[in-house]
Every structure is written in structure tokens, then in C-alpha cells.
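Labels A, B, C and D are assigned to the chains in the order they are written; within every chain, residues are numbered from 1.
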Amino acid sequence: MKERTIWEQIADSFRSRSIWMLHYCTGCGAMELPPTMTSRFDMERFGVAPMATPRQADILLITGYLNTKTLRRVIYTYEQMADPKYVIGFGSCTINGGIYFDSYSTINRLDYYVPVDVYIAGCMPRPEAILEAFNYLMEKIRKGEADGWKRYRENYEWYKQNQIRSLGEVYVHDEFHE
Amino acid sequence: MAAYKALFNLVVAFFLVLSLEGIARKIMARIQRRIGPPWYQNFIDLFKALSKHPFSNGWIFDFGVLMALGGALATAMIIPMGSITWTPFPNSDNFFVIMYLFAVGALGMAMGMVGSGNPWASIGVSRALTQMLGYELPYLIVMSSVIFFYKTASIHKLIELQRGGWNLLVMPLGGIVAFISLMGMLGKKPFDIMIAPAEIASGPMVELSGKYMGLLHIMHVFSVFVEISLFVDVFLGGGSFGWYLVKFVVVWVLAVMISSVLPRFRIEQMLKFYWGVPLGLAFLNALFVLLGWTL
Amino acid sequence: MISLLIAIPLLLAFVSVMWKRISKSLFFLAAIVNLIILLASWFPNGVEIHAMGNWKPPFGINLVLDNASFYAVLVVNAFFFLVSLMPKFVESYGTSLMLLMAAANGFILTGDLFNSFVFMEIMTITAVTIASKRDNFYNAFKYLILGGIAGSIYLLATIFAYTATGSLNMAHVSMAAISASSLIAITTLYTIGLGVEAKLFPLNGWVSGVYGGNDLAPVILGTSVSFAALYMVGRLFGTVFHGNGAEVLYTLALITIVAGEVAALRQQNILKAFAYSSVAQAGVVVAMISKGTAKSMGLAYFHLTNDAVAKFVIFLVAGFLVYNYKNLNGVFKKHKILGASFSMATFSLIGFPLFAGFQSKLRMIMALFSMKDFLFPAVMLLATLIEVGYVVRWNVRLWFEEETQEKAETPVVASTIALILAILLVAVFLKPEIFLNGAMKMGNALADSKDYIQGVLSVVKGGM
Amino acid sequence: MALSTLLISLLVTSVIIYFVSKASWRVGAILNFLIGIFLISYVFALHTGTTSDLGTLFGQKLQLTWTNASFYFSAVSLMVIVSVMLFAIKWLDSQKYPAAFNMFLLMMTAGSLGVFMAADLVTLYIFWEIAVLSSMLIVPMGKKESRKAAVIYAVMSASGTYMYLYGAFLAFQRYGTLNISEIAKQMVSDPSTGIKAAIFLLLASAGIAKSGIFPLHTWLRIAHGNAPDAFSAVLSGQLVKLGSYVLMVTVAVIPSLRVFANIPFYSGIPATNYFLIALGATSIIVGTLMAIKQDDMKMLIAFSSVANGGYILIGIGTMDPMGFEGGVLHVFNHALAAAVIFMAFASVVYRTHTKKISELGGLIHKMPITFLAYLFAIISLAGIPPMSGFISKWMIYQALVRKGMFITAFIAFFGSIGSFLYVFRPLAGVFLGQLPKKYKDVKEVSPVMWIPMMILVVISLIIGIWPFPVLQPIESMRADFGIAPMVKISDPDHWLIRGFAGNWNPVLVFNLFLIGFIIAYILYTMFPRSKKVDLLAPHKEEGTPINIYTGGEYIYTPELYHYNTKFYAGFERMYEKHPSWEKVLGMLAKFFHDLGEWVHGWFFRPSPSAYAFWVSLTILIVFWVRW
């Protein structure tokens, strides 16, 4: 790992304290976010705030199982985020496919396709676990270890290959076939 | 000297509003029984945004952002802060000049954001402009009656002329209407129709990333400064720099508290609201001023 | 000398019955001879009498040439001359045209009420034959009936005048003291009798059918004949009856203006549209005549001259277009000269500056204002407004719409004449004296009945 | 060269230009342009007070004089016309009738100059009609709808003109002169208010019709919207100003404050002026609301011309030194802005052949210079500081607030903010956003076309920063009219414009904006460079989605996602069922048609017996009445 410049260190410390989150609510995991955001657990006190668009978001929170249709959108959205960007895989679905692991269209491992910085295990993970994950991610960012976005850039070919293998090549490019 | 004062304006505006925004988040959190982020959270957010590697959607996108920020900076430089001592350009602090110079920023932002090519940005801008039609009218009528009453549109002179009593007390109706319009200007709930993150993905800002977001945030900071300063100067009698700051904070906190308990209007509801009671009150106020029925 | 104006066309008309083939040339001959005669006796500036059979007025029939009748005859014959230049256009109507010319000249020149009736009848009947060109029989028939009614009423009026004064001579009638009630009867009947030819509302129903039915009728009837008829209005109401009954004329004329313009607005046929426009212009002229002063009458005939020139061009061009194209859209793209002259004529009709109509219209309005008549200018301007609507519509349609048809052969003589007349309209704008002097002389002569009486009856004093 | 010689030789030259253009229209257009340049230099060299006789008409001397007002209006007009002439050198190759266009354009120039020079009412009328006639013949050269437009234009214009004519002769009847300043002098001492008011309003109605003030505004939409594209620039930028000139003549040259001092209505403004102001205010509302909902971009700006005509009228109508100067300055600003906007639209139509906002989009990628011209023009039109448009609006507001005219002020504010809304629509719908695929090969127009736009933009910008060259003539014009000659509004020594309620320094404000922009630029460069998102990617390579955030959706046909129809749907819905004045006027036209039908059906029946009936009825009625 390369040594960070002082500016990068400062920037990273800022980044760690201000996390704007885009939650990609594909499954039941999204259920756990409202309590995380609202008064009970209040994630805003860590500087975590929900965002409506990937252009502004720092982390992509994937809350639930992915299938071949949604994964394509996840990748697209991820690529639209500005660097540096981080991914949190939420719940066991993103780790091993969860209870639908044997379905024909379920994606079993998220980090084949996009680099995941933090996984939160469990089905469902409780808000405490989510906050813990945020804290862990912050720590990683501060130390400059959350480098998923760099890995994605460096290993772009590999990721692309995995993506195509699972999703298949798209031959007709229009709004109905992606 | 004027240049230093103008620079000072910018510095004050930047730190004051940015911390107030953090405080606002804190207040909102407290109202919702949360702890909330620290007061300096917005500084962190801003610098983080500036440090990111952004996307640019074409030159007009860049140009729009620059124009927006430039316009807001220019306006913030003219604004008097409570008294003639803190008025950088006593000859040009005309109210209409400020209002319209302010529109440069709005236009720049609108243009840049639509230039991003995102339909949501366009929808957001259309809403923002419509909302402008809503809140500006009562506000301008109130301001016209103020100017008619004091026979000057120069802000620092208006401050001086309020020695006898704050304008808010001289024409309370006008003060109330101006405050309601201020809420719309600030884009606080219930008037955050153009942002509406849940409907149109934060509207005009949908394509803003990294430093663009940061620069527009700065622009927003100066806009808030201009809007509230105008209200403080014109309706709350300005005062020494310290008093000015206090009044500024009070107005801001009040606006935040009101906004934190209200839901969002739909666009035509907003228009009907503004063109109903506030506009009526504004005209009533104008009538009172004409007839000399001021307190 | 003046009787030749009637005699030559009449004679040649009879000759042409025998040699049908040369009737066109004979017509041309008659027209040019008449024109030469007229030029020879340029503005008499007094009253010249030609007593037929040497019966001195007020007893016999006499022809009167004063400034008024001279100007009218000049204009009328000028238009006949212009028509005679286009032999193709005249076709086999040379005889009729010559008769019409004789009748129109006689109608204008005569100093005798009954004689004027006779000439009017001839005029109507020859006009009907011309109107029936291109199988336009029904409208011609209608015209005939209306002309008949008008003629009989005219005759009745003449009879009344005769019973009231014991004379048929205009000067004599003018001089005589007629009781008020008879005067009402006489003038009213004359209003109706002349109203048909002068296109007064509601007696002008024949106009659209006759003018819209073929190409020759509007060109000659809309210019020469209506000038003759409107001359007689001035003569009778200005000179003979000293403005008595003018208010009826005025009212009817104002209604005529509005009715004519609104009727023109809805017309889809270009000939009919401008036929109604000429109705409206006749209304303007009659209303102006009914004001009764020398100036107003002079301006009325100035306007009438301008209008007649413009109408000549308009009807000439429109007639050509209607009978050569099914669809008139954009035809002027193929006939630029015709188009330019048509447009200039129509703009003159409206009274746009740069064209003659402006001079007459503004002068009329100004004169009316100085007479403190505020209604008529308003009506006139309203009518002009409506006129702008259809004139611009026709111009735009004829110039700019997509053309659909093959080009027809351009009539060289007709377009030359149209262009010359259109340029004449511009010239009149720049130098209104071209028409204005004559028209003002005419107005003075008509208004000055004392002079007329003296001029006509002086022969009596000297002779008998 | 005497003024009359100039005008007459221009009229003659225009005919020559036609024949030259028949041979080669481009030579004709270039000649036109050169004549225009000559005219500008001529106008600037003239001294005020120069008079010249045009001749006599029915005993009245027709005179031309050169006043400060004529200088101002002629200079503004020529600025617009000459730019369009330059523009036309290239643009005309898309037109069907270039020769006639050249001829009528020059003829119209002569007519308008004559109007500004006229010293009496009839001279004014003559040149007015020349201008109307020649412009009316250019209008139908456009697309199909333009034919109808020409008729409506002619009728509306004529309705105003004839009222004017009536008023002119009414004045002549009463005062025995047609000379404008003589009439003005006599009106002051005339005791009869009714007739004075009638003359005043009748004279003003020509201006009302021409500058598109409320009851007679409907022709603007149709004529400006459908006229040949570049000519719309002249129509809106210059010809409409003839109306403003006449309004100014009626309101200011006839000293309405003194003439109607006995009928004050509100705040020292006489009822007659107030009536005009009310009409102006109505036009602002109508123009703004209608402009917001147009889909045709030219019609949109046409309605904006209605609204801006209202501003001018309000400003002049107040007869306040500030308001008057504001109104007159607004003539300049609107002329420049509207001309640039219409020329920009003409360029767009030249390349894309459509003027529907809903069919366009993203042209900034293809026509950036046109876009910039449009952008600066709308900044001026919406009255935003660095451009000159703000100054006039600022002055008008000052006057309105000073007079305590809150409702009028409200309407002016409404129009001003509404103008942000409507000028933004073409900006967003035509230039920004997504480029439809059919326009992917569109190119920027040639320099001959964009240079005139840019020149006007630069002039507007310079005047926005340093307005005194324009303010000075206006001020001397105001002194001529005797509107508070003591008050000095422009103060170039201190770089200030002095209002009744506070001053401002345009240079300072511009510099502040510049500083703000520089600071913003420095900030912009300090932080990480951005990655470019290519909005044209779907056009360049088939099968590339556009890279904007649309909820994770892939978009291959971006124009479908271009938001340009019903841009202000929420607002437009609020006045969907508005009453339409156009319909009312349409009904009036229909009334005349039906009247014609009725007259035709009753009196001009095809059967002779009906005529016999009418003849007898007329005899009876006439006898009955006269007995």
C-alpha cells in the first residue's frame, strides 16, 4: 500500500466523519434502516446522512439479496458514484445469497462484482450492527484502508469479467433489454 | 477599506452560516429527540465534498456552478451587517440591486443544473422557479411598502431610520409576511419542494458530485446569509455587529424550528398559499402604510 | 361639337351591326375620336350648351358641357378608351360598348331630366347585355329587372318634377320654386331611381352578381358607368335640388359603406369581393356628395376617380385570374407585373400612403372634420379597417400561398395598362393635382347651381 | 443630406435593391448592410434641431425634425436592423423570397426612421403606414401560418392606426394644426377635458396596437411567431418600438401631467395616464402568463414582447423622471435582447427546421455560440445585473414604489419573476438537456450569423456596466419634454445612477460579480479535477447508455428523458381554463363575418323579387321618415 500524502490523510479524516449513504434497498434489509436513522439509534450523530443520488453519496449500502436484474443496476449505480466510494454489503444475502441462495437468478457473492469494504453479517443485522459497521468503516477510511474504489479501478478487467459471466452479454441495447 | 469590509462579510458569512447550519441540524435532532451531529458537521461535509473526485456534465455545468457561486459571493459582499460601519458599499446597497444580483446566482445554478442533462434537475429547477414566483411577490410588496414608508431603498439607511423602533413592530404584518417569504427563500420545509429528495432525487442537485456539490454548498451558505441579513437589517433594525449576529441567529433558529415540525407542500399548494394569506397581508400592509396606519 | 360625343359612338354602333367583324376596331375608333374631341374642348370653365334641333332651353333637349360634365365625360371616355385598347377583352361586345359609351356620355351631358331617363335606360340595357357575357344570364336578368324598376321610379320622379315645375330642363327645375311636399316626393324617388345605378343600399343587390359574373362587366360597369351614375347623383342633388334630400342619401350611404364592406369580407370569390368593395366606395362617394359643399363634392369625385382607376386595375387583373385559373393561390408568382399592379391598386383602395387613395381619403376625412361631421369619418375608418382585412388577405393569398397550376399566357396589353394605371396611382399620390384639379372644378360646378342656371338659360335671354 | 432627401432616396433605393437582389440576392443583402452602416454613421452625425420639409399636403406643411428622441429611437432601431441585415446575408439562403425581403426591409427602415423624425401627425402617419405595409409584406414569407398572421397583423395595426388618424384630425379640427408640439402647446390651454382625453387616447391607440398592449396584443403571438425567423427579430426588436415611440409622444410630448392636471387619479398621475398604465399592467400579466405556457419558442418570446411593452408603457406613463427614463431605457434593452433572442432562434430554426421547444434539446453541444448569445440576451431580458436590462427595470420599480403604486408594482414584479420562468424554458428545452438523435449532425451557424448577435450582446453588456452613454441622451430627451429637468439621475462622474431611494454603481456591481466569479474559479481549480461525463455518448456510439443518474435505469434514447413539455406543469395547471382574449377578438372578427353573411342573406339575395321588395320598402321608409 502506498504512503498517503498529508492532504490525503486530512481528506480521509474528513471523509471518515462525513458519510453520505445511498441505500440500495433491494430486499427486506431496508427495514432495519428507519430505526437506524431515526431517534432510537440516530446515525446522524456520526455524520452519516442518507442521500438521494449516487453522485453525492460516499457509501453504497446494499441491503438485501441481489439477482441478475438488480445487480446490473447496482453496478451501474456504483460506477456513477464519485471516488472515493465505499460499499457495505448488508446481511447474509450479499455474502452468500441468503435463503434464496439456490435460486437460478440470485447472486450469491457481492464482492465478485463490486469491491465491498464492509460486510454486515446476519439475517437481519440489527441497527446496532449497522452502526458498528459504520464505525468500522470510518476507522478503515481514516486509516486509508478502505480502498475498494481503488481496487475496482485496478482490477476492472477482473470485475468486468465476473459481471459478464453472471449477467451475460447484452446484445440488444435499449430500454427493454438491459 | 470597502474591500476589507467586503472580504470580512464573506468570512463572517462563511463561518456563521456554516456553523449555524450544523446547529440547525443539532436543533432538528433535539426536536426529534436525537443527539444529532456536532455543530461543525457541515464544515466536515463541505470539505469532504470538495476533496472528492467529481464528475462534470459538460462545460455549461461547470460554468453554471461558477456563475451561481460568483453571483452569491457578489451579493454577499454588498450586504450591510447591521449598521453603516459594517456596510461595505454604502452607495450600492440598494434593495433591488441586491435582489436582482442575487438572481444571477439562481439563474447560474438553474442553468448549470439543467445543463447536467438530468430530467430530475429540470423538474427541480422548474419547481424552484415556480416557488420563486410564490415567495418573491409578497416579499417584494412588503419591501416596496417599507421603501415607500422610509423613502429609501438603501439598506443601511433603512437600518438607521429604524432607530425609533424595529420595522417588525412598525409594520408587524409586513414583518410576518417577510418572514414567511424568508422561509420559502431559504428552501426550508414546508417549502423544500425543489429539493424533495424522496420524489425527484434532490432535484437540481441530482448530478452534483464532489467539488460541484461543495461549491454549491458554499453558494447556498452565502445565499442564506444574504436572505437572513436582509430580514435582520430591514425588519429587526440591524444594530451593532454583536446584536446583528444575535438577531441573525434568532431568526435562523426560529426558521429551523418551524421547518422541523412541518411536512412539505406540493408546488401548487405552495403557490396558492403564498398568493393567499401572505400576499393579502402584504397588500393590507401596503394599504396601512399608504394610509399612515403604522405603529 | 359635344353632341359628337354621343353621335359618333351611336353611329359606329349601328355601323358595327352590319360589319360585326370590325366592331372592335370601330369601338377603338369611337373611343379615340371621343377622347380627341374632349381634349380639344379642355375644361370649358363655363357652361356650353348644345341645343338639339336648335330648341333653346328650357324647351328643347340640350346638352350641357360645363366643368362638371366635362370631367365626368373625360373620365368615362378614358376608361372606354382603355378598354378599347384590349381587343381580345372586348370580344364581340364592341357594339354594346359603343352603345354604352353613347348612353353614358348622353346621360352625363344631357340637361334634360327626361332625356337623362332615356339615356339611363339605354345604359341599363346595354349594361345588361355586357353583364350577360359568359352566360351570366340570371344575374343579367336580375339587373334588368332592377334597372327596370329603377328606371320606372326615375321616370315617375321626372313626371313629378314636371308636374311641379312644368319643365323638364334641369336648370329650369333648379330655378323653380317647388313646394316642400313635392320636393320630398321628387327627391325620394330620384334617390331610389338613381340608387340602383349608384349602388346604394339596399338597392345594390345586383352588383355582386353582375360584377362577379364575367370579366368585362366589372371593368367597364364598375368604372365608367358607376362614375356616370354618381355624377348624376351630384348633378341632381347638388345642382338641381340644392341638397334637398341629402340626409337620406347620407344615411343610406353610411349603411351602404358598412354593408358593402362586411359583405366583401365574407366573399370567397375575388370579383365579388371587390364588387362589394366598390359598393362601399360608392357609399363613401355618395355620402360625401350629400354633404353638399363644393369642396366635399370635389373630394368625392377625386376619391371616385382614384377608386375607379384602382378598381379598373383590380377588376382587370382579377377577371384575368378568375377565368384562367381554377385555384388562385399564389398565381402572382407567375404574373409579377399583374400582381404588382393589383397590389398597388388594392393598397390605394385602402388608402395606404404612396398611393392615390391616401390623398383622397385623408382629404375627405379632414374636410369632414372641418365640417364637424364626426360620424362619417368614424364609419369610413371602420370600413377601411374591414377593407384592410380582406385586401391583405387577398394579396397574401395571391402572392404567397403555394401555387398549384400551370402558368397561363400573360396578357401583354392588359398588364401594361394595369401597370401604367398603378404607376399613375403613385403619381397621383405625389402630385394629386392630376385628378384633384379637375375634380375640384367639377365639385365647384356642381355646387354652383346659380352659374349653371345662368349658363344654361342665358341662351334664352339672348335668343328668344 | 437633408432628412427628407434621405428618406426618399432610401425608398427609391429599396426598389433598386429589389432589382439588384433579383440578380444576386447576396449582393443585395450586402448592399443593404452597407446602407445600414451608412445610416448609423449618418444618424450619429446629425445635430438635434435639424429640420427639413417634406412638402405640403392639403395645405399643411409636412415636416421632419431631428430631436433627441428621434436620435435615440433611430439609433436603437438601426442597431437592431443593421444586425439583422448582417445576419440576413447568410440566413437568406434558407428563404424563398430574398429579393423582396431585402427591398421591404430597407423600405421598412426608411418608414421607421421617418416615424421617428416626423414633426407632425400626418407625416408620422405616412411613414408609419410605409413601415407597416412593408413589414406586413415580409411577414407572410414564412411558413404556412404566416399568411394568416399577416392579415391579423395588418388588421390589428390598422385598427390602432385608424383610431390614431381619427384622433389626429380631431386635434386638427380643434387646434387647426397638425404639428405635434403646436398641438401639445394648445392642449395645455384647452379647457375641454373630454376632447383632450379623446385625442390623447385615440393617438395613443396606434402605439397600443403596435407595441402589443393588452386589448390589441394578440397579433404579436401570431405575427412574431410565424414571420420569417430573422424578421421576427426586427418585428420584436424594432418595429414594436414604433408603438412605444408613439406612446411616448402622446404621453410625454403632449405634457399629460399638465394637460390633464384637472383629473388626477392617484399619486398625481392623471386618469388618462393611469388608464394606459392599467393597460400596460394587464399586458404584463397576459404576456407573462401566456409566455410561460407556450411550446413554440418564438411565440413565447412574442408574448414576452407583450409583457415588455407593458413595462415600457408603465414606465413612460408614470411621467416620473425615474420611470420615464426607465421606460425609455427599456426600449433599448428590450430591443437588443429581443433581437438577439430571435436571431438565436432563427439560427436554431435555420439548422433544425423547427421552432417547437418540445422537438428540440441539447443544442448547446452543437451550437455553443448561439447558446451564449441567447443566454446573455435572456439575462438582459429578465433584468439581471451585469446586463443592461436590469437598469431599466430598476428605474421603473423605483418610480412605482416612489409613487406608491403597489398594485402596478406587484404586477411589474410578477412580470419580472415570471420572465425568469419563461426565458428559462427555451434555455432548458432547446439548448440544455438532451440532444435528439436527429440533430446529431447539426452544426454551429456561420460567423456571419453569430457575429451580429454577439455584437448586440456585447453592447448590452457594456451598457449594463457603463450605462451613461445611453442614459445621457435619455436624460436630455427628458429635459426636452420638461419632466423634472432639475433631477439628475445619471451621474457618470461618480459612476452612480441616482434613484429616489438609494443609488447604485453599476461598475462596482459588475466588478463585484467579476470578483465573485474569480473567487469561484479559484476555488474551482483548487480542488480535484473532474471526470467528464459525455452526454453525447449515445449519439457517438450506438448502444452506450447516457451516464446520468436515473434510478439505475439504462437510457439509450435520452431525448425521451428530456424534460421540455409542460415545463411548469404545476403552475400552468392553475390557470388552464383562463379566458382567452384572442377568442374574444376572434369572436369580433366572426361577428363581422356573420354580419356580412346576414347582410348577404337578407339584402343581397339572388332573387329579383326580393330586390323589388327592398326597393318598395325603402321608398316607404324614406317617405315615412321624411314626411
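Everything below uses one rule, namely that a contact is a pair of C-beta atoms (placed from the backbone, for glycine too) under 8 Å apart; a residue touches a chain by one contact, two chains touch by 3 or more.
Values in this document were obtained by computation on a predicted structure and should not be read as measured data.
For subunit A, the chain whose average C-alpha position is most distant is C. Across the two interfaces under comparison, C-D and A-D, the one joined by more C-beta contacts turns out to be C-D. Our note on geometry: subunit C versus subunit D, Cα centroid distance of 44 Å, whole angstroms. Between subunit A and subunit D the centroid-to-centroid distance comes to 57 Å (mean Cα coordinates, whole Å).
Computed from the mean C-alpha positions, the centre of subunit A lies at a distance of 36 Å from the centre of subunit B.
Under the contact definition stated at the top, the residues of subunit B that touch 2 or more other chains are 51-55, 201, 206-207, 209-210.
Contacts with at least two other chains are made by no residue of subunit C. Residue positions 53, 55, 80 of subunit A each touch two or more of the other chains. Counting only pairs that meet the touch rule, the chains in contact are A-B, A-D, B-D, C-D. Residues 57-58, 122, 125-127, 129-130, 133, 136, 140-141, 146-147, 150-151, 154-155, 158-159, 162-163, 165-166, 169-170, 172-173, 589, 592-593, 595-597, 599-600, 603-608, 610-612, 614-615, 617-619, 622-623, 625-627 of subunit D are the ones touching subunit C in the complex.
Residues of subunit D that touch subunit B in their complex: 362, 364-365, 368, 371, 375, 379, 382-386, 390, 393-394, 397-398, 400-402, 404, 406-407, 409-410, 413-414, 417-418, 420-421, 424, 427-428, 432-434, 494, 496, 499-505, 508-509, 512-521, 523-524, 527-533, 535, 546-551, 558, 561-564, 567-571, 573-574. Those residues of subunit A that touch subunit B in the complex are listed here as 11, 14-15, 17-18, 20, 38-39, 42, 44-47, 49-53, 55-56, 58, 80-84. Considering their complex, residues 53-55, 73-74, 76-77, 80, 173-175, 178 of subunit A touch subunit D. Per the touch definition, subunit B reaches subunit A in the complex via residues 25, 29, 32-38, 41, 44-45, 47-49, 51-55, 197-198, 201-202, 205-210, 213.
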